[in-house]
Amino acid sequence: MYPKSIQKLIDLFSKFPTVGPRTAARFVFYLLKLSKEEIGNLISAVAKLKENVKLCKLCFQPFEPSTSSGQEGEFCEICKNPARDKSLLCIVEKESDLVSIEKIKKYNGLYFVLGGTVSTLRKKDVEKLRLDELKERAKKPEIKEIIIAINPTTEGEATTLYLERLLKPLGKKITRLGRGLPIGAELEYADEETLSSALESRR
Amino acid sequence: MYPKSIQKLIDLFSKFPTVGPRTAARFVFYLLKLSKEEIGNLISAVAKLKENVKLCKLCFQPFEPSTSSGQEGEFCEICKNPARDKSLLCIVEKESDLVSIEKIKKYNGLYFVLGGTVSTLRKKDVEKLRLDELKERAKKPEIKEIIIAINPTTEGEATTLYLERLLKPLGKKITRLGRGLPIGAELEYADEETLSSALESRR
Amino acid sequence: MYPKSIQKLIDLFSKFPTVGPRTAARFVFYLLKLSKEEIGNLISAVAKLKENVKLCKLCFQPFEPSTSSGQEGEFCEICKNPARDKSLLCIVEKESDLVSIEKIKKYNGLYFVLGGTVSTLRKKDVEKLRLDELKERAKKPEIKEIIIAINPTTEGEATTLYLERLLKPLGKKITRLGRGLPIGAELEYADEETLSSALESRR
Amino acid sequence: MYPKSIQKLIDLFSKFPTVGPRTAARFVFYLLKLSKEEIGNLISAVAKLKENVKLCKLCFQPFEPSTSSGQEGEFCEICKNPARDKSLLCIVEKESDLVSIEKIKKYNGLYFVLGGTVSTLRKKDVEKLRLDELKERAKKPEIKEIIIAINPTTEGEATTLYLERLLKPLGKKITRLGRGLPIGAELEYADEETLSSALESRR
């Protein structure tokens, strides 16, 4: 139905997360209305992304090395920050979860971006996670507590269980985020496990 | 638009919680299709409700006294149960919250049904709550911990704060339900206070 | 979990349309807070409903006969109204659809309340509809056009098809409500049949 | 919070229709996971879009001229198609509405993409629409009917009224899409205007 150049871009945008063909078409019509300069800006920002952004060798979050840096260019701002508490390692599924935790300004430890969650423990699925890198990192003697901050969804729970088993042999303290009632919740609609946790963790 | 007898009942059903005029009309048309016997059943169940159901003198939850009972007829099954832990008193807003907590089978203490929440601390609003009865009850020496299990909504929070101030002079341990991530939550969409609590109450 | 008298009423309210056990419980707690007088009012309104409300012998909508009337007590206000156009018969599924059409004040003909829709044409299902009464009524020589005003849902469409076949032998004009875009609709999200109808019925 | 290169792209994606900062961030993390080749594909598709796609000089829909064409390169496939009915001109708000109408395969006339709708008739707003081009086009003697196929939303209605006034002096037949109940609608929840139209356009 659409001209080839439009359809091709619709197909590419349809692979973006949360985007279906209808939204992808709206993206293309939006681009068609942009000036040449604006299109140029977008293309250059996409092109520079891969050039400028590296994954931190310690926590695997994306960061932008300062141009003047030497060896330090391997590590992100958080991992390089001497004021962060090196005894705490917080495992998150993805970059945006790390950002969410940073925003509350209550956590001063380090992070590890796992790179996904698994719904099954099949080798093929588990291999997508940074498990070797995690074991290497968690082993470090300065780390005293490992906080598994994975979403309490079905998949997240399976992943958390898997990580607990994987890390247990290290003999370190392993914790999970506390369960309970979120702001705005009503007892009447809370599931039993959440309500049990809320009762147990009362204070 | 509707005949008088129908409109009158629509008006009465519209006062039921969650019911608007359209649903009320559907209720009336449903009743019109019932047999005489079914209507009789409904009327008799409504009529007997007030006759048979009492409020427990201790916790104020509705209960049905066993017909053969003497003085014990004043108290509900939970309050009469010698196996319940008399040192714990859990304050809930309404009957259904009590039922929700009972369902998880993790709480073995006693209850107090407050009868509502307040959005302001104006005298007129506060008077609707069973505050005198609560103070009388909470004073009892066997009660060691008072758990305020009110919804963490805006109104519930205001009420909780008010109760904490009211009960503080008793010098007893006062706790609230724990905050945290409920099952199925995602870090990315959690509010900051919930995420902070989840991090602090990790274990 | 609930006392017997409460549980019984919860069960009865759960049979009301759109009501689940949780809402039913809220209804019962609402009733428990009403005064004796208010309960009495509700009971009397329910009891009088069946006594006072009849189904019109012509259109089968519920109505309340005026007490002083003789034979006229068999027919509703619309059917008795000499100013209504006797040549138009509008078939609706249920009472509230009749009320919806009356509200727009554009239709001056008569009605027939079918009493439901069918998802299959199995005898058992079809028997629930007032088909014999409809055939009897539609046959009347003064009726020139039969408007089938059944919801354009899957079930409604099946029912409409069935009625068209049933009434065709009468040799009268049979119409359906027009299809098209409702207010607030967007072409982009309209289904193909609706959009086709909107295009065909342009004016 | 994010590195500069990431934040810049988040800002650019946030301007895309329907995209907020959170989704924009997900887009960036998605891009970070793509291979160099995939990034290259995306960039080249965006770059070629403006080069390859033209707006048709007659209907203003985007199209891709075939490389070998001479003067015909000015017009889209629909406008060039001798089998289309030149007496019908359908005005749509945007490209995707044209695509929606083409999909139903019931319309064989021509189109005109207006380029937007207006909520007010202020000069500043109205100027964004292709009004001069529309008048020029609608004037053509071969055009006998002008179908205004603008969404029946508040803004769309205002625009339709404006177009009707603008085009009236041409003395041609001007129509709108028919109103009515869409598939799946229920009479009980239909607004009065939609129900009135459905009744009037019965057939």
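As written, the chain order gives the labels A, B, C and D, with residue 1 at the start of each chain.
As a convention for this text, contacts are C-beta pairs under 8 Å (C-beta built on N, C-alpha and C of every residue); 3 or more make two chains touch, one makes a residue touch a chain.
All values reported here derive from a predicted model rather than from experimental measurement.
**Q** Which chain lies the greatest distance away from chain D when centres are computed from Cα atoms alone?
**A** That would be chain B.
**Q** What whole-Å value do you get for the distance between chain C and chain D if each is reduced to the mean of its CA atoms?
**A** Centre separation, chain C to chain D: 40 Å.
**Q** Would you kindly tell me how far, in whole Å, the mean C-alpha position of chain C lies from that of chain A?
**A** Taking the average C-alpha coordinate of chain A and of chain C, the gap between them is 54 Å.
**Q** Between chain A and chain D, what distance separates the C-alpha centroids? Give it in angstrom.
**A** A distance of 38 Å separates the two centres.
**Q** Residues of chain B that touch two or more other chains: which are they?
**A** If we look for residues of chain B contacting two or more partner chains, we find 22, 96, 103, 188.
**Q** Have a look at which chains touch which and call the overall pattern line, ring, star, complete or other.
**A** Shape = ring; chains linked end to end, path closes on itself.
**Q** Going by the contact rule at the top, pick out the chain B residues touching chain A in the complex.
**A** Contact set of chain B toward chain A: 92-93, 96-97, 100-101, 103-104, 106-107, 147, 149, 151-154, 175-188, 190-203.
**Q** Using the touch rule from the top, collect the residues of chain B that touch chain C in their complex.
**A** 1-6, 8-9, 12, 15-18, 22-23, 25-32, 36, 39, 41-43, 45-50, 52-53, 62-64, 94-96, 99, 102-103
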